[in-house]
Amino acid sequence: MDVKNILEQVKNGTLSTDEAMLQLKAQPFEDLGYAKIDHHRAIRQGAGEVIYGAGKTAEQIIGISRRLIDGGANNVLITRLDADKAEILCKKMDATYDPVSKIAIAAPQDQPHVGNIVVATGGTSDMPVAEEAALTAETLGSHVVRLYDVGVAGLHRLLSHLDQLQSARVVVAIAGREGALASVLGGLVDCPVIAVPTSVGYGASFGGVSALLSMLNSCSSGVSVVNIDNGFGAGYLANIINQMESIAE
Amino acid sequence: MDVKNILEQVKNGTLSTDEAMLQLKAQPFEDLGYAKIDHHRAIRQGAGEVIYGAGKTAEQIIGISRRLIDGGANNVLITRLDADKAEILCKKMDATYDPVSKIAIAAPQDQPHVGNIVVATGGTSDMPVAEEAALTAETLGSHVVRLYDVGVAGLHRLLSHLDQLQSARVVVAIAGREGALASVLGGLVDCPVIAVPTSVGYGASFGGVSALLSMLNSCSSGVSVVNIDNGFGAGYLANIINQMESIAE
Amino acid sequence: MDVKNILEQVKNGTLSTDEAMLQLKAQPFEDLGYAKIDHHRAIRQGAGEVIYGAGKTAEQIIGISRRLIDGGANNVLITRLDADKAEILCKKMDATYDPVSKIAIAAPQDQPHVGNIVVATGGTSDMPVAEEAALTAETLGSHVVRLYDVGVAGLHRLLSHLDQLQSARVVVAIAGREGALASVLGGLVDCPVIAVPTSVGYGASFGGVSALLSMLNSCSSGVSVVNIDNGFGAGYLANIINQMESIAE
Amino acid sequence: MDVKNILEQVKNGTLSTDEAMLQLKAQPFEDLGYAKIDHHRAIRQGAGEVIYGAGKTAEQIIGISRRLIDGGANNVLITRLDADKAEILCKKMDATYDPVSKIAIAAPQDQPHVGNIVVATGGTSDMPVAEEAALTAETLGSHVVRLYDVGVAGLHRLLSHLDQLQSARVVVAIAGREGALASVLGGLVDCPVIAVPTSVGYGASFGGVSALLSMLNSCSSGVSVVNIDNGFGAGYLANIINQMESIAE
Amino acid sequence: MDVKNILEQVKNGTLSTDEAMLQLKAQPFEDLGYAKIDHHRAIRQGAGEVIYGAGKTAEQIIGISRRLIDGGANNVLITRLDADKAEILCKKMDATYDPVSKIAIAAPQDQPHVGNIVVATGGTSDMPVAEEAALTAETLGSHVVRLYDVGVAGLHRLLSHLDQLQSARVVVAIAGREGALASVLGGLVDCPVIAVPTSVGYGASFGGVSALLSMLNSCSSGVSVVNIDNGFGAGYLANIINQMESIAE
Amino acid sequence: MDVKNILEQVKNGTLSTDEAMLQLKAQPFEDLGYAKIDHHRAIRQGAGEVIYGAGKTAEQIIGISRRLIDGGANNVLITRLDADKAEILCKKMDATYDPVSKIAIAAPQDQPHVGNIVVATGGTSDMPVAEEAALTAETLGSHVVRLYDVGVAGLHRLLSHLDQLQSARVVVAIAGREGALASVLGGLVDCPVIAVPTSVGYGASFGGVSALLSMLNSCSSGVSVVNIDNGFGAGYLANIINQMESIAE
Amino acid sequence: MDVKNILEQVKNGTLSTDEAMLQLKAQPFEDLGYAKIDHHRAIRQGAGEVIYGAGKTAEQIIGISRRLIDGGANNVLITRLDADKAEILCKKMDATYDPVSKIAIAAPQDQPHVGNIVVATGGTSDMPVAEEAALTAETLGSHVVRLYDVGVAGLHRLLSHLDQLQSARVVVAIAGREGALASVLGGLVDCPVIAVPTSVGYGASFGGVSALLSMLNSCSSGVSVVNIDNGFGAGYLANIINQMESIAE
Amino acid sequence: MDVKNILEQVKNGTLSTDEAMLQLKAQPFEDLGYAKIDHHRAIRQGAGEVIYGAGKTAEQIIGISRRLIDGGANNVLITRLDADKAEILCKKMDATYDPVSKIAIAAPQDQPHVGNIVVATGGTSDMPVAEEAALTAETLGSHVVRLYDVGVAGLHRLLSHLDQLQSARVVVAIAGREGALASVLGGLVDCPVIAVPTSVGYGASFGGVSALLSMLNSCSSGVSVVNIDNGFGAGYLANIINQMESIAE
């Protein structure tokens, strides 16, 4: 029963004003605009719903997944999922699991991948974060090109992929240690660059702080940064930007 | 003379292979793809070229502006410009100056503003950063809506602008102190949120570090962060995202 | 024998001045006001005595508990108690244990719970800290309402509990990551808000530092902060405030 | 026109359901509970409204003050006000100014001061912060006892005021350098202790960080902390706690 | 052969000047004052030689101990020794081991303990560090009084030991968390206070940093600080000061 | 009237027990041991009383100085005194001022300087801190030897003073930048070394933090540390240690 | 086929300009200077190729090693290799392994060691880092002298090796804790000093940060610093400097 | 009189052994090897002696310069010299001053510049540090090539100078903000790269810390780092490496 309904009933005398007051208070988000978000999310459900797996039991994850799928969802994305919980999940329901990114997808289903996101990493050790970003974006419907191990210490590796980089709609730059990749990429492309510092490194890399500061101070325009190791956040944001539509005339 | 040309001349015998070698080396960026960036920037010049004013003399700034304008540019954006240098600038050439954002625009010219960027701030003290973001995006051709002083301590101020927020293509969330605005906005909208921590605050705000960490750890998806007080960076990135076109069919 | 007594005996000549000197020195806290604290605590013993369990052996904890109970205490609160020590405790004496908060209560006994404390968390992972706060306050005699997983990324979850929040005498705001919950709650209620940063998060959350700074810089009035993960401290303080009496006329 | 009114009119047919929808959206905070906060504040206005003076011009401050006073307020608290702005303020309207705390009070008026707040400092250099706390609490209607320069290096100074401390309803402990005062006070009293680290000190005091960490790690129960130098925040919170009423039967 | 000897031989013609040059270079520390330190230490050997146990194998420790004992040493102090290495040590040679301080003493022998060092701790968890300090000082010949668990949250515990504190020649103040003990002790005694921050605590205690800063910023005169958890350093320094002799007339 | 007196009067009946109670409370520090400190300080007054000059007006300083001098003190040490306040001081009363250390001495008077403290610095820029230490110790009655600019980058400078160093009773090691002087000195002498990090340096010296950490981690035994730039603290402590008497037989 | 070749063929008509365009793009690094680096490395392959072992499987390492050896390399350096992976490696191919430095060398082969690098450490615990540096430099063809455990607390240990130090072409100074070794060495030699902070230490050494800051602030000229525990980096750089040739006339 | 002399005299009987002992002690550095450093420096004096100008008066600097020049030196390098002191210097003696690098050269004299050092900067604001490095190396006799404003955001600027970079004997990489230049340069050249972080930047660049960490974590081999803004240190070290001679056969 929405606000319009409530008002109609008040008008018709089938609802007292006091009871109307109560109902308006009880469900303010469903009808007064706040639920818009949820509603919007519901519409998108076919393209991917997200469950943060860390700190949840396998049973909880299965429960939530089932509820979402019963509600019509598929390609339910489950992030930060340990291998042992993933094993239980995959036994009990239709799901796939990628041990590198620690991402599982429940009710996986073929879907088109549109647009063009490049996920680039400085080294091979950044791969878990990169795959989290890539799989997130793919599950949400984006096309992803992976350019791994193109760190700035060997610039030629990066430059040999210029064409791919310059045809991207969004670039996700993932690097640990000194995180210089984001600045170099930011200087090579015109599209938005989402930088992800990783905790890869040792000593004065301070668990990703060095890369984080480096990326925040990037001298290239068009670069923004997400949290250390936050591949999911980068992939999620990259997908939103990638799927943006033209300004309506 | 581009690569194709050089090769043609070699073929025709009008250029020796040695001289061709030399020319290929001399202008590798012009022809082999690296210059693509510059070329692209050149194309865009009519819509805004950027000069970082801090650490340059008024004379240098005027010099660069004139060269750009002679090259066809207008609406040349000059950021971080002190009032005294701005005075000289405005005397010597056609330019406007905004003392709040410390932005000057040389050869200002009317232009359409398209799309929809919302620039929101937690408090009135965040205005210099916010205006830097807003004017940058506007000068680059974007339409900007300002929502200032909508900090989370008075949530109703923010919620009363829900419609404006939810119709934005990009939101720039600018806040100092605890920087909670980015998370709250991230939860209210579905479009990309660019968070700008400001150095506003005292004590344990550590010149913007508190807001910066807060924004990096945002529990809302779709939020990315730029450097402390980097209004220009946010406005520049917001404009790129705002003006993105649909994925070509 | 208190000061008055000593003086009376000196007056009566049953105590020499030298011996009186000695006695005054030997027990300065019992009689000159310093012991007031201990005395006061003794009076409250029926409502809860506290043992910090970490770093004590099961035997030590049982010993202290028994001494307190023999002295008339019940509902003895034992915090930060590992499950294995708890098992020994519960076998050897009348005690209950809550594995989430790691709190045990020795000589548990029914008691009234008065007033109204709301314990709110940003996410489900903050529950161990929240339960430590809630159980502490309950064991000390306060009534506690739990609002878990009402983080600011989904503001509607929080707003749907406005009535409960606004009828609280004290609110305990518990959050990790960006800790924005404290500011938002501080803007919604008029009562004191005790903010507890938690070490929940990853990357640049730095084990709770991000949430800590965020809460210290809260732009809402009426907010104060305790140590990272210090659920006990928040619950203890909330109980004191909750049980405050009116200013005597 | 409130929700009840709107509903009544709908019932009576004097308002269409569509127009009712619009009105409900237009003023959600006035009628659906969100405005409760503002309303509540309005009720309290006679006892003190607060303006944060830093970053506002004298004219802005005078303007806001006048509007509040016109609305019935008196004892309008203006914090962090520079001496030169204060001079203008005091010339143009009825106001008093205290140069130590940098607090001005517009439309000052005698009022009763109830309860008992002790504001204690470690040294005389902490006085500006202490006076900000004390004047804030006094302006909001609390009775304040000042105990300045009672730092722990000379414990006897503190102990000679035990009676005053132990009869307080709230203690505000203000100290720079090592901030040990909060812990010692926390061990001496049973009421809430609000600790305020100050930026007083040099070298490894890091502008108040040393005192801040010290206070957050206090081994005494009942201590919570506000931002460095945040005398206003402490005074505001102390007043709320001081004026709490007993739990209703 | 010392410098004097070499010179005598040169004088006597039994040594050429060139060979004398060579010898002077070969042993500069034995004869020109640099070895004074070693010599001095050799003299003291009967009263305690120190081996840092961490990072050495049981065999290495036994080897070094035997060499020292063969050289006339007894009461050889071995610090930071794991229990399992200690077991091997005690089996293979005459040695005692204290598991709390992780200190072993090889070739233990009765000796007088002179002077008066008070080792005080804030809590019982500081005991391992305190015992390292106490045993170090005792093994080097000092008399030590232990005052454990006299933290400032319960000031009466500390004040009841005033006589013992004020008769000390050196006080070692050991505390974690907020480390306020050092300041309070510094205000109560006139002798040197050596402060040892410990890594005891959680959250914003940052592994002892909070206590360290607190102690460095002590508002009491006569306080100096050693590294976090450095009980050995404090005990060693306390012993030197304790055993100082009067200024010779 | 002391405790003994009070008790005698009670015994004699010239004082009622109630009034005795009152008097005991009124002056607990004078008679029950707490005042011991003050008393002790009073005894020492002839040898130097200390006023922290920063944050006090010239008038306040003169007032305190006069009261101390009237009470019998001379050589009153005033630290951290700006040149302009010093000028007023020296005009209005008998006082000397040293602009390097910013120390003034009121009622200066010749006195013997006993024992042997070496104050060594890494560079000439450390002189203000060094002079603060040296003058403090001298004013309190110690003999001081200054070894300035003997930093470890030119080890020969240091080694050429070995005799002076090794005959010291206390060494104060003052250095900025990398603070290595403390460790090197600690290895060369057997007496206590008090290390003072200074804020001298640039870049990653972080206002003295680099030297502070260096000194805290000194691999030499017998080294303890005071706050950054705390020359007074080092001089004060050095004097106490220097003037220690032998253990009484 | 290099650029010259391509151009010749274009000239000869055996290659179309379009295909030439394609080929120029396909291999820009081989011929246009960027590949110079790789080429240079290829030339050096006989003297040592480097594989970073951490985060690679034994199989991957064996695979890469074989490919390099097949390409003519020997003395392939594998750093940060765990013992268990090393065991597999040594079983499956011709390789040696050093468990201290965790370095393996595949296809080890005798080679001359030229020049003179001194690797000095402050303590024995710095040995793993020191051996990583030493073995790296040796494998790349440098002669290395090891001076271990010559920390500044016992300066005579260091000074007794003056001749060796002063005849070095490069010195690698490796130390944890306060890292003073670098400054002292920098003052004793005229050649470049490469400082390596190690994570050896406890408490305020913060995993090598103390040593790192110390070394960066070295008051000695000629000192530069690499990352904490980065023995490989120091050895690699030392080798380059050691093998530098004179400036050509 | 050197050691040999002393010994000869002892041999000849013109010096007693006791007096010889005394003389040996008095000048240990002149003759026993420690003075080697000084001697060496003396030999080099013609090529440049260094005075650190900050914190010295113009008179002191002139005095030291004159003494050095009287001793035969020319091209005396004076760093960190304020313009006003420089004016006095240049008036009173033969000297030149460069206001950008704040370097003065006393007794300037033509000299050959040998070898090849490239000094590269990320931006024009890094010029003061770069010029300090360049002028230092030049004054010490090295040939320097300046490549300014070749930051990684515009990679083509850097790549167009590949030839110059790859023919360098040493590269000095100077950059603020994210400091990525060092890594990119490290990957492009085979010679040693000395990285200098600058304090250029704002917000999270933290006065050069971001660039410092970036450079320490460089993924390129052959890179070492000096202190923030330490152009002199880099130039000095670059000169030593540049002027290294081949390993003697």
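Labels A, B, C, D, E, F, G and H are assigned to the chains in the order they are written; within every chain, residues are numbered from 1.
What we mean here is this: a contact is a pair of C-beta atoms (placed from the backbone, for glycine too) under 8 Å apart; a residue touches a chain by one contact, two chains touch by 3 or more.
None of these values were measured; they are calculated from a predicted model.
The chains in contact with chain D and with chain E alike are C, F.
Comparing chain pairs F-G and A-C, the larger number of C-beta contacts belongs to F-G.
Interface repeat of D-E: among E-H, F-G or G-H, over half of the contact pairs recur, by residue number, only in F-G. Chain D and chain H have centres, each the mean of its CA atoms, that are 56 Å apart.
One inter-chain figure worth recording: chain A and chain G are separated by 39 Å, centre to centre, where each centre is the mean of the chain's CA atoms.
The distance from the centre of chain A to the centre of chain H, with each centre set as the mean of the Cα atoms, comes to 50 Å. Among all residues of chain G, those that touch two or more other chains are 28, 33-34, 37, 154-155, 159, 187-188, 203-205, 209, 212, 216-218, 221, 227-228.
Inter-chain contacts occur between A-B, A-C, A-D, A-G, A-H, B-C, B-D, B-G, B-H, C-D, C-E, C-F, D-E, D-F, E-F, E-G, E-H, F-G, F-H, G-H.
Within the complex formed with chain D, the residues of chain F that make contact are 28-29, 34-35, 37-38, 54-56, 197, 199, 207-209, 212, 227-230.
In the complex of the two chains, the chain B residues touching chain G come out as 3-4, 7-8, 10-11, 13, 17, 20-21, 24-25, 28, 32-33. Those residues of chain G that touch chain F in the complex are listed here as 122-123, 151-155, 177-180, 182-184, 186-188, 201, 203-206, 209-211, 213-221. In the complex of the two chains, the chain F residues touching chain E come out as 33-34, 36-37, 40, 50, 114-116, 159, 162-163, 166, 169, 187-192, 194, 212, 216-217, 221-228, 232-234, 236-237, 240-247. Remark: chain D residues 124-125, 154-156, 159-160, 202-205 touch chain F in the complex.
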